[in-house]
Amino acid sequence: MKKLLLFLAVYLTIPLFAQRGKIDIPNLKGYMTLKCDFHMHSVFSDGLVWPTVRVGEAYREGLDAISITDHIEYRPHKDNIIASHNRSGEIAQSTAKSMGIIYIKGSEITRNMPPGHLNAIFLTDSEPLDKPEYMDALLAAKAQNAFIFWNHPGWDAQQPDTTRWWPEHTKLLEQGIIQGIEIVNNGNYYPEAHRWCLEKKLTMIGNSDVHTPMQIFTSGQHRPMTLVFASNATSEAIHEALKERRTAVYNDEYIIGEEKYLKELFENAVEITVSKAENSARVTFRNKSDLIFYLRKTSHDPRLVYFRNVTVAPYIIKPQSVQTITVRLNNGAKGGDVNFRVENFLVQPSQGMNYTVKI
Amino acid sequence: MKKLLLFLAVYLTIPLFAQRGKIDIPNLKGYMTLKCDFHMHSVFSDGLVWPTVRVGEAYREGLDAISITDHIEYRPHKDNIIASHNRSGEIAQSTAKSMGIIYIKGSEITRNMPPGHLNAIFLTDSEPLDKPEYMDALLAAKAQNAFIFWNHPGWDAQQPDTTRWWPEHTKLLEQGIIQGIEIVNNGNYYPEAHRWCLEKKLTMIGNSDVHTPMQIFTSGQHRPMTLVFASNATSEAIHEALKERRTAVYNDEYIIGEEKYLKELFENAVEITVSKAENSARVTFRNKSDLIFYLRKTSHDPRLVYFRNVTVAPYIIKPQSVQTITVRLNNGAKGGDVNFRVENFLVQPSQGMNYTVKI
Amino acid sequence: MKKLLLFLAVYLTIPLFAQRGKIDIPNLKGYMTLKCDFHMHSVFSDGLVWPTVRVGEAYREGLDAISITDHIEYRPHKDNIIASHNRSGEIAQSTAKSMGIIYIKGSEITRNMPPGHLNAIFLTDSEPLDKPEYMDALLAAKAQNAFIFWNHPGWDAQQPDTTRWWPEHTKLLEQGIIQGIEIVNNGNYYPEAHRWCLEKKLTMIGNSDVHTPMQIFTSGQHRPMTLVFASNATSEAIHEALKERRTAVYNDEYIIGEEKYLKELFENAVEITVSKAENSARVTFRNKSDLIFYLRKTSHDPRLVYFRNVTVAPYIIKPQSVQTITVRLNNGAKGGDVNFRVENFLVQPSQGMNYTVKI
Amino acid sequence: MKKLLLFLAVYLTIPLFAQRGKIDIPNLKGYMTLKCDFHMHSVFSDGLVWPTVRVGEAYREGLDAISITDHIEYRPHKDNIIASHNRSGEIAQSTAKSMGIIYIKGSEITRNMPPGHLNAIFLTDSEPLDKPEYMDALLAAKAQNAFIFWNHPGWDAQQPDTTRWWPEHTKLLEQGIIQGIEIVNNGNYYPEAHRWCLEKKLTMIGNSDVHTPMQIFTSGQHRPMTLVFASNATSEAIHEALKERRTAVYNDEYIIGEEKYLKELFENAVEITVSKAENSARVTFRNKSDLIFYLRKTSHDPRLVYFRNVTVAPYIIKPQSVQTITVRLNNGAKGGDVNFRVENFLVQPSQGMNYTVKI
């Protein structure tokens, strides 16, 4: 019967997961930009795949770090799946190691609103989180120095009318228990949560919350993820970065985060050069990243004429491209400010990032 | 040598043009929606293809009617191409007939600004348009009952700073010579020209102005075109529709036109049904067209809750799809208005069309 | 906590499985052609997905019937998954019913060679198959009127040198226990097994044996499957068809089976019409199916000239296409036989099906 | 009117031709592998595009050298296009220079069979080829040291029954006028012409003979072309290589040519490494090219077992891939020859190239 052991090894290396993916997003000064998904499920709670599949998917999509966060309280397969709350992580961890993916142990504390669902990651043992009272569960996580964030704060099923902040969340914040919020979950963006992160100094998180097998992304597509600006590619450095709020969220074509990080990300992704002539200047955008940028003109010296004819659609800098525009300098203007907003770089709720190129 | 005559026939039927394309856009009450491109070039002016290629491209892309509008005054290949201004149309016409495409004879009157470039279509003879004075050329076209429109009014090379209306255009308008304007040319949209069409009762036109071989479009993509709402699929009916301003412009994912047409187009494309429950209603959008719709919530009774979480990105109704949303009815609301703007249906310059679904 | 029950229902209906697939293969006279996969795995043995995922995949790919055949003897997840051998089928069955997929209960009896692995399907209870002696397991299946077939008879791990028929298989055959063989498993074709099926009157089976999430197929691609020619779309009719050897195997671009079925399949897929002229004839192939056909000329009256220039590559009839060839009739030939082989319709091991079109 | 000169320059740089293509085929020792198309048409004969379009297409597809070979005798647009036979080449040449494409001046001498159509390339002046007698035309080309080859020798319209060699061709060969033959034209392969090239020491040529705008190729697809093994990337080196028969033809997935070149091409494309164990060996194929390889086992020591289960379909080495197979060494075999045929590398008419990997 020994030969049967061949099975699993074989099936994990099939073409479905064979090729390492790659998403080209620049690093920041002193920090690597790590692509992370801190919220997903396996059959050990209400997911539909074995934990190793999550590792294979992350490998295929070019992620650096993941956390499977099965529900503590919701285990619909529990009649057949008998396991400690640590089990899905244990299974994933060894596969992750062999594939060069950073695995971070986590669990989802799953309650009605308030306080809703919260993820605790960087756990060492999930078992003590299985408590009748949610505060006991959170304190058990905190005792392990976990990083805790509020999941999908605007989920219809729990917040049918508005994305509301409850008194219970104030309490969790004041006690230092909640450190971050998912401003993006499964493709949904919560602008209210974005504002809370800015006002209350919480870490911005974006995750897939995937339950089924992950879809196959075509070139340019990707799952929702958290970009973590970490001093190196280790679990410890990610933990430190999360605590220091060094993150941004990458959802669809949007990057969402603090202006200081998004500005540096934009400048490291797009090399901008200006060459002046008599009555005009040429501005070249050299985008060395897989990111796209939607630029829309903002108020400016009317003697500078640029981005004409793109009144409805914004000016688009495509991934991995070199593009040049002409800026006309009329009525004796010798230079000035080319002002625009990067519409898909959200530095405030639903608002793009202003930027100026000096001529 | 007779066998050589086989050549051309063979090469026109190769797979490149083999399959008739199809773009699914609904008709209006009493009118067929014809897909037309009234501005393109062949080697007989500064284009790079033989006229029959334009017919093959139109066939492949599912267009109903085209006009090759070679420049009267600009013929860079004239050292080698010796022909009357009618020649490209003659060549295209017989191929068009065999392929079931409506061919409309046209020419481009090509001058510095003002008045810039103007297309005259439904001509019977282009030769009389070859005149030193532009007004003589336009009058010669008018004498043939041509339909005349102003091309790419915001073209950088001619209008470097703004999309300007010149006194000469006022004169042409007052004399009934200009009847329409390209508000879209080669992918560029001119909102100023859109406003002029609304204010001055001019026909909105959108064309490709293609010079090279047309690109191959992937599913869902298409060239810029004019949608003509014509009483039947004939050249005469198109002419009548243009004179009566029964058009819209289809550019990228945008439809641009008068609200009365766009509203009917939307309603004929998307069947909307409402089913009410105790505290909520379900609204189903059945999109039977190839059009996409971007909906964004506008001001409304706050007791109706809908389109939550789509604060940045609009709510999207995909082509050929059936999608359902839930509208919550809070605080005793028994019904109300679900207000939104169809953002990519421009009924005013750069502005979407408001719409209400009654609950 | 009740709201949590929403989860699973929601996640099963996400876009990944949202759209019913369709593979266009014609029926035979008196029989429907059902697309079936009788060999796949879930987490209940060594697969990596929850059983419902298999149903969703089948729905997406346009299959009519499936069987999850988890190993009786090999359950690598058994430390955590505690269940009867019937459990994966029970879970799949209710989802299958809601999605209109025929579910057939099965198990894989998993032994070293001889006799290797065997699938028993149409079981009512898998528990009695859990026996130390393989013959006892097979007899337990037989007692339930199961249909039993030998899996991947040429699997390297068990048959490293040749695809060998062992004395044990003779015994199983003589006792009426083995009724079919996988001549295709997971994309691998076993020509020896194909020969055995023809010689020993065994049913030809082809399956995916999938363990991971199934890949996403692009248009024209499909998983290996068994085509079952059944009197109607029920589990009972499939069972009857399998017993009467009314099957073919669809692997990649190949159809493998008995000539009587393949000939009818070809004729129902491709309508062939001949129109004669003086010295030539035109043969039109109207392929109304999603199948492709590779035709290669075989020996024929040299006065008939056809398929010229296709000496290396065969003549290809593409899916859903209409294609016409010319057959020249030289030296006074008034007609004759256009002979060719359909190379990808295997009616003997590794050999295509001969066919003649009469002129 | 000066501004109109902007037109052509602008339209030649549009996205259709914006990006330089790349096809990865290895060089040979001492020779670069240049991708060439020596047969295409423009509006100056019966083609449907302006000559510059052919340069743009070559740029987009990654070709190194092209020749537009308009018919001398067949000019269906001659009522409107008045030009010397040199004109299309003059127009193409300057665009080619600016785009880094090698342009080779050529013409097609176009006669009924015999001798059919012949291309003369490396001409300095096409005018003297316009002669009533074909032999005079050929001698005029020869007087300019042109390289002359026979086009599409099996073209149905001229050779309806067989690909026949006529006495006239013997004469042309004996006089040193014909130096090569198109064994591939527009996707059609002529095995008889392949044999003639081998027997009569003629250069193998493959060309597109494109008349319409060239289709857009998806990744992995390409037009028919001649691979020229030249000492450097110049017109002179290509001429020398053609005279010395240093070519191969690349059509679809086939490479056709002399065994000495194809063997080296295979070895430079695929790095093969063998690692031996007790009773088996592992053979790794590292394909660093865009070529695909279809391998089929040939007769061999039966104690070496390899390529099992691939009896119908060949073993495929995909482009830019690394693949490993196991060779079992049975019954005490310590090593031996792994024999196979590279089926798509034709070294004889319709026959693949034999190759052996030593274990």
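Note that the chains are named A, B, C and D in the order they appear, and that numbering of residues resets to 1 at the start of each chain.
Convention: contacts are C-beta pairs under 8 Å (C-beta built on N, C-alpha and C of every residue); 3 or more make two chains touch, one makes a residue touch a chain.
Since we're looking at a predicted model, the values are computed, not measured.
J.: Using mean C-alpha positions as chain centres, tell me how far subunit A is from subunit C in Å, no decimals.
T.: 43
J.: Using Cα averages as centroids, what's the distance between subunit B and subunit C in whole Å?
T.: The separation of the two C-alpha centroids amounts to 49 Å.
J.: Among all residues of subunit D, which ones touch two or more of the remaining chains?
T.: Expected reply: no residues.
J.: Assign the assembly's chain-to-chain touch graph to one of these shapes: line, ring, star, complete, other.
T.: Drawn as a graph, the chains make one closed cycle, so a ring.
J.: Between which chains does touch occur?
T.: A-B, A-C, B-D, C-D
J.: Along subunit B, where are the residues that touch subunit D in the complex?
T.: Against subunit D, subunit B makes touches at 1, 3-4, 6-8, 11-12, 14-17, 43-44, 46-50, 52-53, 56, 71, 73-74, 76-77, 79-83, 87, 110, 112, 157-158, 211-213, 215-216.
J.: Applying the document's contact rule, which stretches of subunit D touch subunit C when the two form their complex?
T.: Interface residues on subunit D, with respect to subunit C: 154, 156, 160-163, 188-191, 252, 254, 305, 308-313, 326, 328, 330, 346, 349-350.
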